[in-house]
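Chain IDs A, B and C follow the sequence of writing; residue 1 opens each chain.
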Amino acid sequence: MSIPGIRDRKIEDVGLQAGVDRLTEDQIQKTIKKVLKGETGAKLKLYAETCMRCGLCAEGCHYYMSHDKDPSYAPVSKVRQTMWEILRHNGKVSPEFIYGCAQIAYTECNMCKRCAHYCPLGIDIGYIISVVRRICHKLGVVPLYIQDTAHSHSATMNQMWVKDDEWPDALQWQEDEARDEIPNLRIPLEVEGADIFYSVIGPEPKFRTQLIYQAAVLMNETGQSWTMPATPGWDNSDMAMYTGDYEVMGRIKRAHFDTAMRLKVKRIVMGECGHAFRSIYDMGNRWLGWKMHPVRVMHAIEFYHELLEKGQLKIAKTFDTPVTLHDPCNIIRGRGLMDQAREVVKAFCPNFVEMTPNREHNYCCCAGGGVINCGPPFKNVRVEGNKVKAEQLIRTGVPVVIAPCHNCHGGLEDIIHAYKTGQELKFLIDIIYECMEKPDAVE
Amino acid sequence: MRLASSWDWEPGQRVVLESTKCSEEHEWQEEFYASPDGERLACVVRLSDFESGVWVNGEVWESRFDRVWYPRFGPDNRLTVLAQAEMDWTVATEDAAWEDSYTYVWGTRFSEDGAHVAVSVQQDGAYGMIVDGKIWDTLYENANNFTLSPDGSRSAAAVQAIPMGQAEVAKFKAGVFTVAVDGQAWDKIVMNAWTPVFSKDARKVAAQIRLTHFDYAIAVDGGLWPDTYQMVWEPVFNPANGQLAAPVKAGGAWGVAIDGLMAWKPRFFQCWQPVFSRNGQRLAAIVAPEYGEFTVAIDGQPWSWTYPVIDQVVLSDDGSCAAARAKDNDEKWTIIKDGKPWERTYDMVFSPAISPDGAFAAAKVEKKGQHRIAVNGHELETVFDQAWDPVFNPEGDKILVRGLSQGKFLRAVVPVEQYRY
Amino acid sequence: MNAAYEFVVGPLAWIAGAIFVLGSIYRLVSMYALAVKKDYSSLPYMDLKYSLRSIIHWLNPFGTAGWKASPWTAAVTFIFHICLIITPLFLLGHAVLLETFHGIEWPTISDGLADGLTMLVIAGCIFFIIRRATVDKLKYITSGMDWFVIFLVLATFLTGFAAYHQWLNYQFILILHILAGEAMLASIPFTRLSHMIFWVFIRGYMGSEFGKVRHAKDW
């Protein structure tokens, strides 16, 4: 049953091993049947039946392209090694097989959907992989680190075990910091009826507080009516979506949207994150029964673009170092923000160089889909699996890469380091903050 | 609401404050908060780089702090703030601070009569609650989902009872969380516990529980309902008879179970925000009879009118009438009352209020940045720069309107009879 | 031999046709019912405009990332499918049958053209077979079903070609051809060939999600 491919590159992970150690074939079959019968329908059936095994999707995947076209990394091959086998055996597969399924589904597919541009049939490999992950979750076979993150989501409603007090405390601290620069700056907490709820991802109050600082400066200096909650529900990130724990995904998305509705804001503006956007805009809302986001969600790029268009964000100086732009899957392929992203970049950076392929066809950072959250054991999987990205970066020949997404940052950082491209990574807000007019700033 | 009987219900409009300016030299004033009875207006005022104060009706409290936040009026119209002095935090009600100070406090809550004030606390890295200045005897590694009983006599939270290191997945699965009531943790330790809630008499506590990654349950006083579910949402107690209701998911669909037995057959795509009427006769909840279509169900019967988003159901005392906020496909909000929406839609509709007999629903509404109060779909004349949610008098024939207009703080009592349908 | 011929062009043709038509209807209806029941968070996003947008783009052999990445396969795929559909539909021999048995007049293409198209289909089959047998990524994913459908098509067109050119025993080959053709027709709803009836919906769904929700192209 085990096929050359994943079985030849097994990576030890405590979470996966502990998970499969408890399993028997009968248990596996029972769980799989329940998931397939209860949670899948025509979509999976049609994908399984009508995939022509033509292999055209192969060239779509950065893993395949980066591994010298090793056939086992082709999108369809990942499904061939997982779901097709599961269906063929009616769910009666071995624990060892499940280990392989989990390793493929969690670490060898970013669910980036780039392959969707290559499959003539219109088969959604990302979706099939998400079903495999759902099965693995139900079987308790999930990589340790991302499982811990999902646990954090369930226990604290945020990704990083940030405790209830640490959140407002971090905001007040950033407010104090920013007042050195802009004396009347505020991070308004819990203001009912504000226009904007600015939401961030779990790591920001812990490791990337400068992003909160910069966003606060942007909000203040462009005169926005905005607020941040002082309660859980502030975090828009979602690793439960990626482990396949849809119940927890639903719970944290409800907490997020309920917070927005409690504050009676007109929209949620979120920082530069891709996967969180997917969770809020596409996945979490649907699981809860909302056809679209119940409170309008705006990704930072869209927001910056609006500020520029309305003339609220003014440019004090340009960022002259040549830059390139990495298109994050979840907001480009997932929301079509490629033009707005370019307009914002070009407004500040006169020396903008496209990387190719780009826009919808851009290669994923290989950190997305929860892969980076699977932790150190799988770091090489994503670095080796994205040689094409490094080549893309090198071809641009520019010193600065803008990546308006947290996951992309993590992924690209490792790639830049491993392939020694020598580039510096920036968020858009880094550049905006540096180059915008700040009428209230002292100095 | 019964507290409201002592307020001034004389119909007519009154200027409570001619000016909302601060009497002292200051750097800025923050957002205003109005007392429920509309007699007082408060805000945090920053006096200098290192000093903040509390402004009420034009005067600044004598007590000064390094930092002040979360000014909130209790149901009895007393003002409570969270304040920091010398790095530590405390709570101050009406210019009187609690004796002790703590590493951090947040999340002020009041009893129904406002007599009791509780906050969440972190003291030297340990978590719990403080009620009226008295901190829990036992504090925990972590705590969240804090709650205070309606009478203010007891407090509870979801707590992490067992310490856990980084990425200790197995330990988490075995269970480290539970519910602590007045600081006493339940014996039953579980994977997750959420939204503990007290019965009206404060004798019982219920919570949502996750036993394994996919077995959800409802716990009452540390014991579990016999069945587990695919998922559960927040339970509520019936204020009249103490029964417990919770939305539960079984067989892929949502229903409501009462005291462990299925009461609303699971047939909804979603079901949440359950609420009992004051007399306990009726149970309402937000439900989605079809994917993407939400409405209110009363005793399991959904209204026929559906919206993409429904929020905040309120019930009349006897449960015969209900109202909720609703948002349409054009991102406009309205109120849906007894199955029928108001004719007009708004950029925003705030928390709805319903009269005790259910004849009237009222809410603050916003169009182009300006606030008005609407009753049964009719907008009252006064336009405010900022208004607060309307409050019905106990008889249900008048509403109290509070708002800021042209720099003045106004308070109006408006008879609503003419808006009866 | 005559009786056999009568049987394959008579009752058996009816049976094959019925299996194809009824089977396809059954598959479509039951698949839709399943989607309504189980894919309720996907189905409501179906959108005619964006379905067509996607379908039209993918009908251009040079218009998508996927086709561009494999131009040879794209070219063969298009020629193969076009010939595969046109040849049997408009072949004179088939039209004659329709006329004789049902009195229906049917447009036709010349025998010479049909012969050419048939050769293209056969060439296409050979291309796909070689590709499947030699390219690593295909070897990795190919199953019995994939061989079955390609050989079924090959058999049908090869025997048709042979019959037309009167190779070997004409009658025997003709019967073989009809049998293969009927087998192909009847297996459309129940094998990988079902992409013929489902493709527009699968493509349309992807197009709808990308167009309506994701505001991006899916090609």
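One rule holds for everything that comes next: a contact is a pair of C-beta atoms (placed from the backbone, for glycine too) under 8 Å apart; a residue touches a chain by one contact, two chains touch by 3 or more.
Only a predicted model underlies this, so the values are computations on that prediction, with no experimental measurement involved.
Student: So what shape is it, when you link every pair of chains that touch: line, ring, star, complete or other?
Tutor: Basically all the chains touch each other, so complete.
Student: Quick one: which pair of chains has the most contacts?
Tutor: Result: the chain pair A-C has the most contacts.
Student: Between subunit A and subunit C, what distance separates the C-alpha centroids? Give it in angstrom.
Tutor: From the centre of subunit A to the centre of subunit C is 39 Å.
Student: How big is the gap, in whole Å, between where the Cα atoms of subunit B centre and where those of subunit C centre?
Tutor: From the centre of subunit B to the centre of subunit C is 61 Å.
Student: Just give me the whole-number Å value for how far the CA centre of subunit A lies from that of subunit B.
Tutor: Once rounded, the distance between the two centres reads 32 Å.
Student: Which subunit C residues reach two or more other chains?
Tutor: Residues 41, 44 of subunit C each touch two or more of the other chains.
Student: Where in subunit B do residues touch at least two different other chains?
Tutor: 269, 291-292
Student: In subunit A, what residues contact two or more other chains?
Tutor: 39, 291-292
Student: Would you tell me which residues of subunit B are touching subunit A in their complex?
Tutor: My answer: residues 27-28, 30-31, 49, 67, 69-70, 104, 106-107, 120, 122, 127, 142-144, 146, 160, 166-170, 172, 177, 191-192, 194, 210, 213-214, 216, 230-231, 252, 269-270, 272, 288, 291-292, 294, 308-309, 311-312, 327, 331, 347-348, 350, 366, 386.
Student: Contact residues on subunit B for subunit C in the complex?
Tutor: Subunit B reaches subunit C through residues 269, 291-292.
Student: Please output the residues of subunit C touching subunit A within their complex, sorted ascending.
Tutor: 31-32, 34-35, 37-39, 41-42, 44, 54, 58, 64-67, 69-70, 73, 77, 135-143, 146, 192, 194-195, 198-199, 201-207, 210, 213-219
Student: Which residues, counting only subunit A, touch subunit B once they are in their complex?
Tutor: The touching residues are 14-15, 18, 38-39, 137-138, 140, 144-145, 147-148, 151, 154-157, 163-165, 168-169, 172, 183-184, 186, 188-193, 230-232, 245, 247, 250-251, 254, 261, 264, 266, 288-292, 294, 296.
Student: Write out the stretch or stretches of subunit A touching subunit C in their complex.
Tutor: Against subunit C, subunit A makes touches at 5, 39-43, 45-47, 49-50, 52-60, 64, 69, 71-72, 74, 76-77, 80, 84, 116-124, 282, 286-287, 291-292, 332-336, 338, 360-361.
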